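Have a look at this one before I ask anything.
Read from first to last, the chains carry the letters A, B, C and D; within each, the first residue is number 1.
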Amino acid sequence: MLARLGPPAAIAAVILLAPLLFQSGYHFRIGALVWINALAVIGLNVLMGLAGQVSLGHAGFFGIGAYAAAVLPARYGLHPLAATAAGAVLCAAVAFTVGRPILRLKGHYLAVATLGLGMLVAMVLTNEVWLTGGPDGMPAPRPDLGGWRISGPETWYWISGTVLVLGVLLAQNLRISPAGLALGALHDSEVAAGTLGVDVARSKLVAFVVSAVYGSVAGSMLAFLNGHVTPDRAGFLQSIEFVTMAVLGGLGSMIGSVAGAAVLVVIPQVLTFFHEYEHLMLGVLVILIMVLLPSGVVPALSSLLARRRKE
Amino acid sequence: MNLLQVEDIAVSFGGVRALDGVGFTIAEGLIFSIIGPNGAGKTTLFNVLTGLNRPSHGRVRFRGSEVTGAPPHRLAAIGISRTFQNLQIFPRMTALDNVRVGRHLQERTGALRGMLRPPGTAAAEELSRRTALELLDRVGLANVADKPAGGLAYGIMKRLEIARALASGPKLLLLDEPAAGCNPAETAEIDRLLLALKRDGVTLALVEHDMKLVMGVSDRVLVLVEGKVLVESEPQAVRLDSRVVEAYLGSAHAGGGA
Amino acid sequence: MAEFLQFTSSGLTVGAVYALVALGFTLIFNASGVVNFAQGEFVMLGGMGTVFAAAAGVPLPLAALLAVALAVVAGLLLDGLAIRPARQAGPIVLIIITIGAALVIRGLAQVFFDKEFHKLPGFSGDASIHIGGAAVLPQTFWVLAGTLAIFSGMWWFMTRTMTGKALRATAANRLAAELVGIDTRLVTTLAFAVSAGIGAVAGILITPITLTNYDIGTMLALKAFVASVLGGMGNPIGAVVGGLLLGLLEAFAAGYLSSSYKDAAAIVVLLLVLFAMPSGLFGSKSVERV
Amino acid sequence: MKSECSGSNRGRVLAWVGAVGAVFLAAQPASAADTVKIGASLSITGPASFLGEPEEKTLKIYVDKINAQGGVNGRKLELVVYDDAGDANKARTFATRLVEEDKVVAIVGGSTTGATMAMVPVAEDAKVPFISLAGAIVIVDPVKKFVFKTPHTDRMACEKIFADMKKRGLTKVGIISGTGGFGKSMHDECVKVASTSGVEIVADETYGPKDSDMTPQLTNIKNKAGVQALLNADFGQGPAIVMRNIKQLGITLPVYQSHGVASKSFIDLAGPAAEGVRLPAAALLVADKLPANDPQKPIAVGYAQTYEKETGKPVSTFGGHAYDGLMMLVEAMKRAGSADPVKIRDEIEKTKGFIGTAGMFNMTSTDHMGLDLGAFKMLQIKNGDWTLAD
């Protein structure tokens, strides 16, 4: 019981306590960005950490979610929250149709296929100027819920935090459910899972659709937080950043995904003190973490703490 | 009643005929063993029966219905399960979870249901855990239930794989060299387990090199050589058949008789 | 007809660039199973190193050698400081490490070089040669020749020399290779050094066409990764054919279809190829031993 | 209670990670007490780095110069610069940081349109004047109260180019543009302006920002019947490669570039292929060739000499935009006599007759750029240098 509710409770605690240290809207915005990125990375973690299927195109769904939140209200008068749901449904549909052929591939071939998928999405968002406003992006509406205008980093800090805790809880439930066990099984041995009655292709597809929906909802929230969306949110650099967050934090660990998101959102803000050495320092940091903590920040620290407690 | 009919099965990997014209039937409730020198095509035959290799020729019928070329998960659903020559356990999971995956067909495995945990989920989980624990206990592994499967001893992993296959409630269980790499004590333990399974009405098909084990438990024995069926009959008859000795030990010994 | 020839020559020019960079990928992947996302930075070091050495008064050929040496040192440092210490980490972790390394090399380049664009003169001038109505830069032939030379050199090295065989053995089964006395760490380091050198040579050959700047590595590494997967990961023939095919695809898509969706056309074809042949054009079909 | 479950372990790990975050929050930027802070988020690295870098250098040089002469209204200026690498999301975060954390009284500069549009909501909400250094007309059209811009709009560039083409009887134009922000925006504006200025676009090709061979697209334009001139809308290394491909294909059509390449490095990169190219740009590039009585001459020459002396690099119009933005801001602060952002904004809007490197600025409540078409000069590249086209 505790293993299931541990992570969501721990993350909820951090979300509640962190604002005590915040001094300005800027810190709330950084917090909101961490929770939004973490939600997308949790979805990627279900696909990569649980089901073992690599994806270098996760930002494609992140981009679709962001643009759904911007385009649907602007062109079709849909309420922003309905637009978020529509974006999630659209991403699920795209993942479902494209997923079946793509997920027959394995390893590097799957990586390049998903990379291509993400780049296709980014290209459409860049070139279809009539719909998306082109490379300079377009404004996203500020949703209102019964007269209450939802805007400002502080509001979005709490909303994205709540959605993240919900997302972690659902992911944890999935992980320990029969469906989650099946995903973990096909991660270790597709052949064995098949002979035990697991429809491997369908299970992978389910994990792909779930990760797409997580990415889409996170994208929509970023659009509302920023009030503006640009195609580079769907680009391959964003996809690679998500994968780096998932691996840095620890594949398979939900708290790891949140920690990974925190590292790659917060640290660059701190590194601005180094001005032109900023990128160099980030690169050194990524290498150090991966060399010293190869299983990821959280799993490595957990086992370190567990081992010390045993002595 | 014949549980499994295999007719004229042929499989070739790029011109090499791994199996050629293989036909036999397995009667319900018996232990059917397949023996033969290395490279005879035993594992390929198991792969055909469990949907991992598609035969280029021939038909497989299970409980009367045609199943040739069906994918592994559909064959598992109608009651065919197996273990593997090179262990395919799930190392990162606990032994208990390995067996719980075996119960995949008996459980409600919708992802949405898993995420939303509707009422009754906890109870179903408890049932699944308890049943899995019983199966572990049956193969004498209740004490390692919560240990990661990857860290267990080889002999224990072998039995875990059997328990996991049993969890899917098979009518026909294919065991690919269950005693390989086991010491005499572990082999005796597997011997007792096979007979117990037979008593519980599970039909077993065995690929095994340990002649003492094979001759001890089998009701029927099939000898496979270079992808073809050499002979298929009672264990005693097979043991005395000169062609079998020749196939195993080479022609020089055949004349002398066993 | 001239149009077709012009598109083909453009496709071959760009394709040869991708093939040359993809060859660098192949060597490191073969020796260590690592997909080196910093390969593009070695290409950058080749181009920028030569430009800055030449600007400091060093004659061009010597400047090129210095740039190759610089890249080889970078390759050795990457192996020594990052890949070797993380030896037991999984492939995905090693990819992230190379991404970190790319950030480090780019970070250093933007400070010690600069952020401007630079060019190198064509090795045999910049006047275009006319072949059947198509105008081709002489540099294209240098790039194609370079690709052929490096490909055959790599093919000879991998099949005819003991070190080459040791490298392939390490790739096939590291443990078995060690058991037969191959110093797999040396082989991997060698692979990184040679691969970095190949990357630098590629950078020098392509700069007269693509120009160079501290940030050029990222997109080149991406396109080369796509090319080497299209051709079949780890297979030198695959890298060259995959690279040329990708270049031709982009050129014909730009010429005949709509130029704003030329990259999209290349990706759609890549996906179709992968669906039809799940391990690339020349990839080794791995049969799972059960 | 010694519990083996991993739940409490993770809790402790979270606290540890939280502590790292706290260190970040505590480490506030140390700043002298009584300085007036001016913020800037520029694309110093990334695809638009050749815009951001000269902008950053210019701001630093002139803030130091102003402080050396006693600062503004008796208080020294403090420049807070962040590198958004042309990423709109980072620009938005840094804008919030400048306003909420560093408490700047004004912001000079998003280098790109994408970054600028992401920063606009922050400036508007926080009521802090924001002078953008990016080109697209959408920044000031519709007018936003707190948002201004110093560079000419891409629409003005198109008008200037088409006017020059018409004068030379070139009415059938082939356009080739980059799919980046600047290229697409200028392409769209030129298509709109072409229909009203009697010029027909007979070919329309595009290429990716990092492409290295545009001969297929150029071949299509070359083979288009009746094409008389070629317009390339983009910035960065794309235009340099387009010029080299044009020479490679032996295309002899007159070529027009955009103000996006108005810097010496374009001439160096394109080499001999750039000979004869025309493009609209600020007079800054031909400062020394301006007639003595041109009011812009002293400003342009002054900035050009200072920039080249301090950085050792040739001057570019991009740095010039930053100079104009900073100087206009400083003048507005002097007129406002206070550091209150809203008062400064009002004064910026009242800027009249301000001579900058880009021309004479006359801001109004409906025109937050204040440059007229005259501010653009049509330049031509002759033997490797900028000259005033006749």
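Going forward, a contact is a pair of C-beta atoms (placed from the backbone, for glycine too) under 8 Å apart; a residue touches a chain by one contact, two chains touch by 3 or more.
The structure presented is a predicted model; accordingly, all values stated were derived computationally and were not measured.
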item	value
Length of the shortest touching-chain route, chain C through to chain D	1
Maximum centroid distance from chain A, chain identifier (CA atoms)	B
Intercentroid distance (Cα basis), chain B paired with chain A, Å	42
Separation of mean Cα positions, chain C and chain A [Å, integer]	31
Distance between chain centroids, defined by C-alpha means - chain B, chain D (Å)	71
Between chain B and chain C, centroid-to-centroid distance (C-alpha), Å	48
Chain C, residues touching no fewer than two other chains	110, 260, 263, 290
Set of chain B residues in contact with two or more other chains	52, 84, 88
Chain A, residues touching no fewer than two other chains	127, 191, 276, 278-279
In the complex with chain C, residue positions of chain D that touch it	44-47, 49-50, 53, 179, 205-208, 210, 212-213, 215-217, 219-220, 223, 236-237, 240-241, 244, 247-250, 265, 268-269, 271
Complex contact set, residues of chain A against chain D	2-3, 5-7, 9-11, 13-14, 17-18, 21-27, 29-30, 33, 126-127, 129, 134-137, 139, 153, 222, 226-228, 230, 232-233, 255, 259, 262, 266-267, 269-270, 272-273, 275-276, 278-279, 297-298, 301-302, 305-306, 309
In the complex with chain A, residue positions of chain D that touch it	2-3, 5-14, 16-18, 20-22, 24-27, 29, 44-45, 81-83, 87-89, 92-93, 96-97, 99-101, 112-114, 117-118, 120-121, 136, 138, 179-181, 184-185, 188
List of chain A residues in touch with chain B within their complex	170-171, 173-174, 176-182, 184-185, 187-189, 191-200, 206-207, 210
Sites on chain A touched by chain C in the complex	48, 54, 101-102, 104-106, 108-109, 111-113, 115-117, 119-120, 123-124, 127, 191, 236-237, 240, 243-244, 247-248, 251, 276-287, 290-291, 294
